[in-house]
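Below are two complexes that have chain A in common, paired first with chain B and then with chain C.
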Partner chain A sequence: MKKSKLTRDGRQAIYGMLYILPSFLIIMVFCIISIALAAYFSFTNYNLYNAPEFVGLNNYVNVFKSGTFYAALTNTVKYVIVVVPLQTILALLLAVFIAEKMRNRYGSFLRSVIFIPFIVSSIAASAVWKVIFKTKGGILNVALGLFGIDEVNWLGAKTLAFVCVCIVTIWKNVGYYMVIYYAGVMGISLEQKEAAIVDGANAWQRFWRITLPSLKPITYMIITLGVISSFQIFDIVYQLTGGGPGTSTITLAYMVYTYAFSNQKLGYASAIAMVLLVIVLLIHWIQNAFFKEKE
Partner chain B sequence: MKKGFAILFAVFMLVSVLAGCAGDASSTAPPASTPAPGSESTAEPAEPATGGVVKVWLPPYKGGDAEYTDEDFWNDMFDKFEQENNCTVEVTVLPWSGYDEKVATGLTSGEGPDVVYLGSFYDLAVAGALEPLDAYFSAEEKDNYIYWDMGFVAGDQYVLPMMVGNANVLYCNMDILAEADLTEVPKTWDDLISYSKAIEASGANVTYPFMQPWGNPSGKSACMTSFLPYFWQAGGEFLNADGNPNLDSDAGRTTLEFLKSLLDEGVFDDTIVAATDPADMFRNGETAMVILSSGTARSITEAGINWDFATLEGPNGDKGIWVAGDSLAVPANGANKEMAVKAMKYMTSAEVMDAFHEQIFSMPNITKDATHVDDERFADLYENQTADFHPWPFFENSDAFYDTLFKNIQSMYMGDMTVEGVIENTMSEYMTSIG
Partner chain C sequence: MVGKTKRFSLAGAGGSILVTFFALLCVAPLVYMVLMSFTQLRTLYIRLEDITFNLQNYYIIIFKNSFGRALLNSIIVAVLSCVWTDLVCAMAAYGFEKKPVPGKEKLFKVYLATMMIPSQVTLIPLFLIMRQIGWLNSYAALVVPMAGAFGCFMLRQFMKNVDDVFIEAAQIDGCPEPLIFLRVVLPLVQPALISLTIFTFVSAWNSFIWPLVVNTNTQMYTFPIALSLLDSQHDTNYGLTMAAAAASFVIPFAMYVGMQEQFVEGIALGGVKG
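== the complex of A and B ==
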């Protein structure tokens, strides 16, 4: 019988490669090639119907000349700055509260209720929120009216419209991040907490000295996911405000969609997408460096 | 490395959408058997084709909660056509929201329609995405279509006008006007403002005396009813000699200043930028005056509103009434073009359009042999005022232009932009967008 020439390590390496091959192919086809194509289109005048023609840096020059681009960039950054910290803190507090104070069926119920918005379609949820926020006859204004409060122009005032988009996003995402935090909190050793209690640490000190440091890797992951998804905000803006009023809630991803599919300027839209890609990579690199330094 | 992949995967959703749309551009080219655009325009069409599947995409003219929907209507109508031509017609009624985007992606997917309803078609025609129709119609057929010429864009007959002449007029709730001792409809811009003030002063229970949909999800729709007519009434020609919008003009300034005065004079407040549905508000008696199409008259009457209508004139007595010019087209990459054209002719025949106007949405006839009679109150409008009618102006990247203009007018209503700012920003964004 002929003996295999491969060493044990070599065989394991081949097995390993075979295991990751399906994922690798999927990522190649749907991610790397897609990005490469978008990068290629960004240097062309592609319009969905005709073969793309090379236009050099024209699209990028036009992107950086566009006032709407700067409005979208500013809104996107503002949105990340507001949404990511709020949803992270809220998810953490809810997870800790449910894990430590509500370890019963009510806690399970509450967890499910908070998680439900995450599995609801963003478009459907935003349509419902639109009815809630409607200025004339909206549910929220009718409710406020019962307390003698004048109607609020929720989606028709620039700051309030932006706040509404943030509220709906946080409402939608917080359940998902809470579940991740909840798993982390449940994984913290009881002995550690009991020892702290014996040493006289109060609830705040236990949270600050034990819970929070133990959840640091999870926090890093949640912030990373939050930043990336916030930079891509589209569906809620599309349904709730359409980027308006004015340009007060327009975001980069919404702009990409508008130019790609409403205006059929795929080349221009791809250039915006490429700029967005570079921004996200840059932010991730800074974030990574920051957390490494902290460690 | 893993983190790198994580990031790349995260942006995947964003860019793959774009990449997924990369189609073979050659597939949009007409096959060799297609008659050359513009050729043999007076020749009789070839032997009619039969068989196969014809996919028809349309938007709805009746609400989704209607007992008898657009889809029911078209399916019933096509029964006869299917039997006569031994074919299957698949009707897809797409919602107005995002309609143009769905059509754009459908046309390039290879799974798109054989006959498609289009509101905006200039960019599609220029890009070669539509089949020239001239050679498919006989001289007699062309003569029967009242608005045939409106389908001639970008140097060829790319579309067949179908929903045409649906003039947008100022509807007035005469009961609310009577509460303010107003017995006639307003005739001028000044009347519109003074009437609004009188209605407000009368204590009438309305949200706005006069309403404009500046919160409409579609900037284009809002501009059609709430910007363009005033521009024409201000005496302007919307396109300049280069075929670009003439916003930076006296008429553009006059129009924007008038729109701003509606806010300044208290006709409405800044909540107008969130106001979306003028027809519903008017039918519910929440507004006294609103601009809507003549086709909406039936539903207004059915809602029990005592209405009359007016056509406004601008400061120098100019009139300008926007009339719809939505059309049917055949995609250039369609697989069954002859059957598609046949279906298109059937859809626009007197028999089908009379039924459509009776059962779904009342509009003026599009063929000389049609017999439907629209609301009698519009008889004078359609007989004597057609010189004031303006169809949708065609120009490159018009949707982007209207979207920017719409957003800038919203900004003006929120106090963030002046009239000059609106003009400057809209034109600069437009010139950038057309490269």
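== the complex of A and C ==
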């Protein structure tokens, strides 16, 4: 009896492995092995045409000597610091306000509308915003002109081009994070809120003492998602600014792409990619430690 | 709610106006895109009489500018990606959640960890692997990597709530294992599959950097690549570019309007419960 049960479990385990196998192969080849290969190439001078030659730490030395790399690193970090808090706070405020004060058909309509930019492709979004940001006759400058504001060279000035990239990103992402927050706010128990109301807590106090603490796991997740996706920003930079003017909007991801596929310096680009990987893992580790400590 | 008294609050009204204003800012660029797509402008000074509401730009985009092929490629890739991702991820989720595989929790942690890896890190090796196996300029190169940890995670979350009795009943009836998966498990997780399908469709449809790298033959361009090229041309006919942008938006938008509930549920499933 016992033996037959064992074989049954064994058979189930084999079925289980077979079910897992396809995804396992995909994740192994396209993620794990790929990372190992990227690490290997980062120590070579591979350029697509000649066999890779081992060059030790040369690529890394050159990366850390390169001014473009520091520009890309600074821009990426600045971008994360600007975009993640803004989109998180905006999404939180919108979700909480709509859930608390506009729980009606109009509120849910607005919620649906705010989500729409998320399904626009980054390339289409950038193509449209590029026209909106045009200095001569761009609709944004025309609108500002009505208030007597002079033409602004949005995509041509260094700081402003960076601001434009941030605007398009936030415009595109806020709705997505708002929907996640909204589901979270709806999950907060009514009893808790009612008890607070009975205790005489006003809306502001309820927000700080009940809503915000209950949403902590969601906030953690949204920040994680936001940081990871902000570190990878590529499409919008590629289409909206091309990294320019100068190197003012170039990012690490954009640098990996251009060095690998425009300049065929695959070894060098792999070194930048590895630096990007280390930074993302480091931030994740810090964030984990920070959130666990406050638990 | 305590006290149904609907007191008029200034903060509430002001907030509603702000939210309405924000929602307008969200759609304004898209409305502008659609209006511009009906003009033949080479300058940006748009006047009401320029908006012709004829489909000339859309006609040119699809039939003259080789966007037709790009549109077809995008549709094929998106549909195949959905089928492939649903199948691979549902199998994985079933295996991880309902089968006694030794070491499965550790392996699942590895799956989850891969979601953090920036796609640019694997971009170069992935390209070289595809070149090695002769998959450059193929649909397979765009479809196969689409099935990843996110789908496995999302479906497993949902499968946790599926009662084992249905599966056990089928096993007792002597139903062969592949049929249990196809006839019992897949229908039980259908709501999550719909959400995953929507997600996969939109991300395959909008995917840019990977098709840009791996499909360099003009015949294999997807829609975003074709749009990107058109937009980068110096002699820009704004109406034409906007029509292409609008055309790329139509299908995901129609899906969103038709299946809003599933969109939102899918986000909550992948997000909140995790």
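The rule we apply is simple: the second predicted complex is superposed on the first by the 270 of 295 C-alpha atoms of A that agree within 3 Å, B and C clash if a C-alpha of one lies under 4 Å from a C-alpha of the other, contacts with A are read in each partner's own complex, and residues count from 1 in each chain.
Everything that follows uses one rule, which is that contacts are C-beta pairs under 8 Å (C-beta built on N, C-alpha and C of every residue); 3 or more make two chains touch, one makes a residue touch a chain.
Since this is a predicted model, take the numbers as computed values, not measurements.
Visitor: Please indicate which partner A:Thr258 is in contact with in the superposed arrangement: first for chain B, second for chain C, both, or neither.
Guide: first
Visitor: Looking at chain A, which partner touches more of its residues: chain C or chain B?
Guide: More residues of chain A are touched by C.
Visitor: Applying the touch criterion given at the start, work out whether A:Lys78 contacts chain B, chain C, both or neither, answering first, second, both or neither.
Guide: neither
Visitor: Name the contact category of A:Ile35: first (chain B only), second (chain C only), both, or neither.
Guide: After superposing on A, A:Ile35 lies in contact with both chain B and chain C.
Visitor: One more residue to check, A:Ile228. First (chain B), second (chain C), both or neither?
Guide: Both partners.
Visitor: Which partner does A:Lys134 reach: the first (chain B), the second (chain C), both, or neither?
Guide: The answer is both, since A:Lys134 touches chain B and chain C.
Visitor: Could you say whether A:Leu277 touches chain B, chain C, both of them, or neither, answering first, second, both or neither?
Guide: After superposition on chain A, A:Leu277 lies in contact with both partners, chain B and chain C.
Visitor: Touch check for A:Tyr19: first (chain B), second (chain C), both, or neither?
Guide: Second partner only.
Visitor: Where does A:Ile27 make contact in the superposed view: on chain B (first), on chain C (second), on both, or on neither?
Guide: Both partners, chain B and chain C.
Visitor: For chain A, which residues lie in the overlap of the chain B contacts and the chain C contacts?
Guide: 27, 30-35, 37-38, 41, 134, 136, 228, 232, 253, 256-257, 260-261, 266, 269-270, 273, 276-277, 280-281, 284
Visitor: For chain C, which residues are in contact with chain A within the complex?
Guide: 1-3, 11-12, 15-16, 19-20, 22-23, 25-27, 29-30, 32-33, 36, 43-46, 87-89, 91-92, 94-96, 98-102, 104, 107, 110-111, 114-129, 144-145, 147-149, 152, 177, 181, 202, 205-206, 208-209, 213, 224, 227-228, 231-232, 238, 241-242, 244-246, 248-249, 252-253, 255-256, 260, 263-264, 267-268, 271-272, 274
Visitor: For chain A, which residues are in contact with chain B within the complex?
Guide: 27, 30-35, 37-38, 41, 45-52, 55, 58, 62, 65-68, 134-136, 151, 153-158, 224-225, 228-229, 232, 242-248, 250, 253, 256-266, 268-270, 273, 276-277, 280-281, 284, 288
Visitor: Flag every residue of chain A that touches chain C in the complex, lowest number first.
Guide: 9, 12-13, 15-20, 22-24, 26-27, 29-35, 37-38, 41, 94, 97-98, 101-102, 107, 110, 112-117, 119-132, 134, 136-139, 171, 174-176, 179-180, 183-184, 187, 190, 194, 197-198, 203, 218, 221, 228, 231-232, 234-235, 238-239, 252-253, 256-257, 260-261, 266, 269-270, 273-274, 276-277, 280-281, 284
Visitor: Which residues of chain B touch chain A in their complex?
Guide: Listed in rising order, the residues of chain B that touch chain A are 3, 5-23, 25-26, 28, 100-101, 104-105, 107-108, 123-124, 127-129, 207, 215, 217, 270-275, 286, 397, 399-400, 403-404, 407-408, 410-411, 413-414, 416-417, 425, 428-429, 432-433, 435.
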